[in-house]
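In what comes next, chain A is part of two complexes: it sits with chain B in the first one and with chain C in the second one.
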Partner chain A sequence: MRPIDQLVLDENNVAFNPVVGNSYQVNDIAKEILIAIRHHKSKEDIINELTEKYDVSKEELFIDVSDFISKVKIYGLL
Partner chain B sequence: MSKQTYLKPTINKVEFAMASKYGSPLKTQKIRSEIDGVKVSDLVEQYGSPLFVFSQTKIEELYHNLYNAFSSRYPDVQFGWSYKTNYLNEICKVFHNLGSIAEVVSEFEYQKARALGIEGKDIIFNGPYKPYKDLKIAVQEGAKIHVDNLFELNDLEKIADELGTKIKVAIRVNMDTGIYPQWSRFGFNFENEEAYEAVKRMYDGGKLELNGIHSHIGTFMLDANAYKMATIKIMQLKERVENDFGSIIDYIDLGGGFASKSHLKGVYQSPDVTIPTADDYAEAITNAIYEMNKSDKLPKLYLETGRALIDEAGYLLTSVHGYKRFPDGKKGYILNAGVNLLYTSTWYNFNIELDKRYDGENEPSMLNGPLCMNIDIIEENIMLPALDRGTILTLSPVGAYNYTQAMQFIRYRPAAVLIDKEGKSRVIKEIDDLDTVNYKEV
Partner chain C sequence: MNIAISGLNNTDNPAPGIPVIKSLQDEHTLIGLSYDANEPGNFMGLCEKTYLMPYPSLGIQELKDRLIDIKEKSNIDAIIPNLDAELPLYIKYQEELENELDISLCLPSLENFELRNKNKLDTLSKTLNINHPKTFEISSIDELMECSKDLGFPLMVKGNYYKAYMSYNLDSAIDNFYKISNEWGFPVLVQEVVSGEELNLIGVADGKGELKGAVAIKKLTTTDIGKIWTGVTIQNDKLMNIAKDFVSNTKWKGPFELECIMSANGDIYLIEINPRFPAWVYFATEIGINLPKIVVDIMQGIDTPAQLEYPQNKLYVRYTGELVTDFTDLIKLLSTKEL
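Right after this comes the complex of A and B.
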């Protein structure tokens, strides 16, 4: 199981990893991306879904989602 | 169906140690949306980015505050605007209109002052290197020459011969004022008698006449008491040379060095705590003159304050060009202004403000400039929310030295704007272009 799969996501936008005791503050879109990654969606799929939902260009999303995934990896969650 | 508002996705590990009774670094944002009532976004739209912005209102406030601190304690005070601190013509004019004469350290600055209509008699010519030709012009025009070394003294004697006249000069003196590091590069040393010997040499030559004593004890002086020490020693030398050589020392000049509210790197406390006030400096100097004066007449007091009169009146607007994630997790923003424009970033932590409040929590970030150089770092550690491309950051205080020392390196030097007392902005220096860079190349 990947650490990201162990995260408990609550309604206050806190992601808690009960195995190691770390907590992460996330925002709504970050939560959506975390859930999508847990569902094994590809980066491209995630970007396409968010482009449909939010008022943002695909180019900007590519940068932001790539950055977000980088940080998730740096935190050792993925 | 209309789309929802987008916010950049953020994830930040909760570090419980970061929260304290003083607040959370995850939430704090410094905002500056305007300068003297002019929106920073309008300034960038009208004049481009990066952009130096100067506030005339702030300059005048700083000037009056310092001048009043001295003039309320001492009857004869004259400020000389330190050209090297910021010699943009319009900035110099503001200071001259307020009553400052000019203080220059090179022939180039001397020429600048003359071109602005300042008479030679209203120019203090300091500095360790005064080319003969320019020194002679300054003498002919009646400038206040502050002798730095014996070679210059010889040059002045030769000029006196050539002109067939005696020249009035002041002498630059360095000394131990209890601060470290002691500045001993400029002028003649007080403690080891070098200064007295130089005066003696001057009178032995019979071609020069001493009428002033000058010192510049350092820069960003955090101890007002150092000026008291300097004043005491200058007044001791004054009394001695007046007694020994019958000279009349019309003036003493305590130079510059008063600190601005810049945040020195490595200093934990806020500048509001560490920086002496104008009154502190004024009291240290004027009390020492009163205590030490043995003559019937008080000497005129000159001050060459630069930094403390302009630093907080200067801002640099810079824009976010992009960002990347560094392997250590830090977010690295690429700005369009870097160390090429911010010479003082080596020593000072700037106040960095955002153009508006941004949603989301702060994360550890780094601000890098546009140069293709690894050292181009404006701020290595700063907590920032997710910023958009085009976000305008205001860096301050940058009024002192940054424009004059801005490098012509890789990028064109930006425009500079002055906001007058009516809140109207105008260009005082246009952005450089290829012609500027190529000028004089053959």
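Right after this comes the complex of A and C.
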């Protein structure tokens, strides 16, 4: 199981990693991306879904989502 | 049962005695064993009686004489020793104390106690197939320079029993080598630094290979001297399995604490094994795993199911407190060695 699958996401947008005891404060969109990754959606799928939902260009979302996924990897969650 | 408990210090360097007492006070009569009249636990009103003890360095006969006296006065059935300094004596002479004084103990064998000495952890880790940071046992500056070439900087300079300092260059390593050797003697240990999350697990084992209870946490904040101030429970299967392997391989008996580091790739490195409860043991009690009670059950020969499930994401917060008592209590304790 990937560490990201074990994250406990609460209603206050806090993601708790029960394996090492770390907590991360995320915003609504970051939470959406985390949930999408947990559902094994590809980066492209995530970007497409967010493009349909929010008024942001695909290019901008590509940069932001890529950056977020990199951070998730740096934190050892993926 | 009448149970005597040591380690009553409750200052910024708290001992495990008070949390053990709090875990057992509802079901047992508790007697405090103190090495210093000023220890706060002597005055907290948690023990029916408190006795001053001779320092462990005075040897087994002094300890036995004092325990015979205490047994006559308070009829103690068992002792839970909680301090590093006294444990070697209790462990070495546990059979004598149990047979001659009829006092129950729940302690590891001397062989197991020595197995987890810092300078032997490497061997134990290999036996258990657990990662352990590369460690050198040294007793000279020449050896320090030699192993620093191998490890590079930063590295840890550690006492064989206590204290550890991070060294970022040779000058600070030499400085720390002298600091440690002056205070704790030789050998001095030089250890590779493993970066990652520091995790701790406390457990109790029955001496037959079964882990009877355990709780794992991460320390969130610590004091200047490294004592936990806040912490959170975690559910780390790898760490729990290491604890189970350690217990089943060694047939460890009694309390223990594993200090580990989990690296970024998920590997767990064993840093230290303490042969006693840490001072945060009441955290475990509060979330439903009463480890001191399990120790008492083992001493009484009561076989209970293993308790390894507990809520994750529970927060531990230590705080300070005050009390006021009569000065005569301190004078009485100093003059009569009991209160």
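One rule holds for everything that comes next: the second predicted complex is superposed on the first by the 78 of 78 C-alpha atoms of A that agree within 3 Å, B and C clash if a C-alpha of one lies under 4 Å from a C-alpha of the other, contacts with A are read in each partner's own complex, and residues count from 1 in each chain.
As a convention for this text, a contact is a pair of C-beta atoms (placed from the backbone, for glycine too) under 8 Å apart; a residue touches a chain by one contact, two chains touch by 3 or more.
Computed from a predicted model, the values in this text were never measured in an experiment.
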Room on chain A for both chain B and chain C (clash or fit): fit
Contacts of A:Asp28 with chain B and chain C, given as first, second, both or neither: first
Which superposed partner A:Val8 touches (first chain B, second chain C, both, neither): second
Chain B versus chain C, judged by how many residues of chain A each one touches: B
Chain B versus chain C as contact partner of A:Val20, first or second or both or neither: second
Which of chain B and chain C A:Gly76 touches, first, second, both or neither: second
Degrees between the directions from chain A toward chain B and toward chain C, using C-alpha centres, nearest 10: 90
Least C-alpha distance (whole Å) that remains between chain C and chain B when both complexes are overlaid: 7
Contacts on chain A seen with chain B and repeated with chain C across the two complexes: 22
Partner chain B, residues of chain A touching it in the complex: 14-15, 22-30, 32-34, 52-56, 63-65, 67-68, 70-72, 74-75
Interfacial residue positions of chain B with respect to chain A in the complex: 2-14, 26, 322-325, 327-329, 331, 359-361, 386
Chain C residues within the chain A interface of the complex: 197, 199, 217-218, 220, 231-236, 262, 264-266, 312-313
Complex contact set, residues of chain A against chain C: 3, 8, 16, 18-22, 76
